[in-house]
Amino acid sequence: MTLTLAQAQTMITGTLAEARARNAKPLAVIVLDAGAHPVAFAREDGASLYRFDIARAKAEGAAGMDADTAVLAERAKGNPTFFQSVTAAVGGRIAFSPGGVVIRDAAGTLIGAVGVSGDTGECDADCARAGIRAAGYLQEQQP
Amino acid sequence: MTLTLAQAQTMITGTLAEARARNAKPLAVIVLDAGAHPVAFAREDGASLYRFDIARAKAEGAAGMDADTAVLAERAKGNPTFFQSVTAAVGGRIAFSPGGVVIRDAAGTLIGAVGVSGDTGECDADCARAGIRAAGYLQEQQP
Amino acid sequence: MTLTLAQAQTMITGTLAEARARNAKPLAVIVLDAGAHPVAFAREDGASLYRFDIARAKAEGAAGMDADTAVLAERAKGNPTFFQSVTAAVGGRIAFSPGGVVIRDAAGTLIGAVGVSGDTGECDADCARAGIRAAGYLQEQQP
Amino acid sequence: MTLTLAQAQTMITGTLAEARARNAKPLAVIVLDAGAHPVAFAREDGASLYRFDIARAKAEGAAGMDADTAVLAERAKGNPTFFQSVTAAVGGRIAFSPGGVVIRDAAGTLIGAVGVSGDTGECDADCARAGIRAAGYLQEQQP
């Protein structure tokens, strides 16, 4: 199945609602489709200039590796040299911090990814999951 | 002054409302701030993969040259070699087709740019202007 | 729907069978999925080194713009400055010569693209279509 | 001597047969010639998007350094700063994990490389060697 713009916008709204409810720092949030191409993006007032690039790299890394960046960041700690070379091999389209979360349909198939940047990685990831939940999709990692 | 996310989202909504009113092909629309950094983006269902890159390059070119890409495209026809070198010099962050439209405040200062891709350049530019108008901003080019 | 490796390999076999039947020059052929990511590739003995890059750029351009590169090449003739800037905006992931052919399912949805390079653009495109036909998919352009 | 497409396809078939026999995760496998240019590639259904880039970087690194990436990964652990600079110097065309395996003729001359990505590096490398063996070539590293 294919992620729609309406679903992506619901995810962004849900992500930012969570961010404001917990008084997070200003965030940027991007939603990619199953091929890691942008569907929707928003950067809150006050979020710094590179938040777009970092949010996108988190989402691309999650979609490209089919795993949340929280998981990838843990793996990278144990094998930094390999993951540095992966970063170069994919042209920088990956970021090793929580906040890149895969979106799966009911069958478990990857249909996209959300990337969030602005606060701590853990907060970013929580907000991303809130956005995915708002659109009614399963989450990669349950708390 | 600084473009807010709320204003950028109003511009995207206004752009896509115009597109649907005239039955345009599926569009991608991006809003950049005064520093040419993304504030908001949306790609309609059915818009092809490269629409993000092209919409962004239109908006970046407009912000980067402080002129609508409709104007830049005309200039480029008369001096293609120079504008090809500009394209290379800015790393591809410019696209010579209408649809990149500068956003100015009441004093005429550049505060951002909208980029649209998906239909003809003229249609793209009309939709971008409709979005800017929806947010209450002056337009670069009056009809 | 998703293109499978088995289908992609059938397309490659069909493309190269057509090439040998018409005694074409040695070809390279790539099959991409709906997100423009590689699924399968083959370079015939004697095909030159850059055939991989050119075949891939044809297929990426077709998938990225949702149109055969034969069509894109015609459009580019009428507006070279714009399409040169598109080439830069997408980082070179497009090639303006026939041989990049979109793959559509029965509903007309893009599910991938085939790119062929080695002989004339017209021959390359014919071979690509033969490969897509071998896998039972509709073709973008009927003769 | 020169690696043929038929040999490369035999290596891919042999690699994937080994992968299925041991129930490995979905793999991507690439075969490069002596100049590190792609000859053949296949990505199994379910393998993530970046598997192409990582498999290719493993094979390129092996061909480029004339050594299996299992060896290079060990060296890199002892001198990460140097190998990070190598990664940058070669534009990311190397990946420090097992799975990039050189192909040699009977005289020991490098004639190509296989790169595999998708499971653990050790499993990837075992599958790559099975593919090279299927084509009748000597292996770099005997167990």
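For reference, chains read A, B, C and D in written order, and residue numbers begin at 1 within each chain.
Here is the rule we go by: a contact is a pair of C-beta atoms (placed from the backbone, for glycine too) under 8 Å apart; a residue touches a chain by one contact, two chains touch by 3 or more.
Chains and their UniProt names: A, B, C, D = GlcG protein.
The model shown is predicted, which means the values in this text are computed figures rather than measured ones.
S.K.: Just the number, please: Cα centre separation of subunit A and subunit B in whole Å.
M.R.: The answer is 26 Å.
S.K.: In angstrom, rounded to a whole number, how far apart do the mean CA points of subunit A and subunit D lie?
M.R.: 30
S.K.: Nearest whole angstrom, what separates the Cα centre of subunit B from the Cα centre of subunit D?
M.R.: Centres of subunit B and subunit D (C-alpha means) sit 44 Å apart.
S.K.: Could you pull out the residues of subunit C that touch at least 2 other chains?
M.R.: 35-37
S.K.: Is the way these chains touch best called a line, a ring, a star, complete, or other?
M.R.: other
S.K.: For this structure, enumerate the chain pairs that meet the touch criterion.
M.R.: By the stated definition, chains touch in these pairs: A-B, A-C, A-D, B-C, C-D.
S.K.: Write out the stretch or stretches of subunit B touching subunit C in their complex.
M.R.: Going by the criterion above, the answer is residues 48-50, 53-54, 56-57, 61, 73, 76-77, 80, 83-84, 87-88, 91-97, 121.
S.K.: Provide the residue numbers of subunit C that touch subunit B in the complex, in ascending order.
M.R.: Those residues of subunit C that touch subunit B are 35-36, 63-67, 79-82, 84-91, 94, 110.
S.K.: Write out the stretch or stretches of subunit C touching subunit A in their complex.
M.R.: So the residues of subunit C in touch with subunit A come to 33-37.
S.K.: Within their complex, state which residues of subunit C touch subunit D.
M.R.: Where subunit C meets subunit D, its residues are 2, 4-5, 8-9, 30, 35, 37-45, 49, 52.
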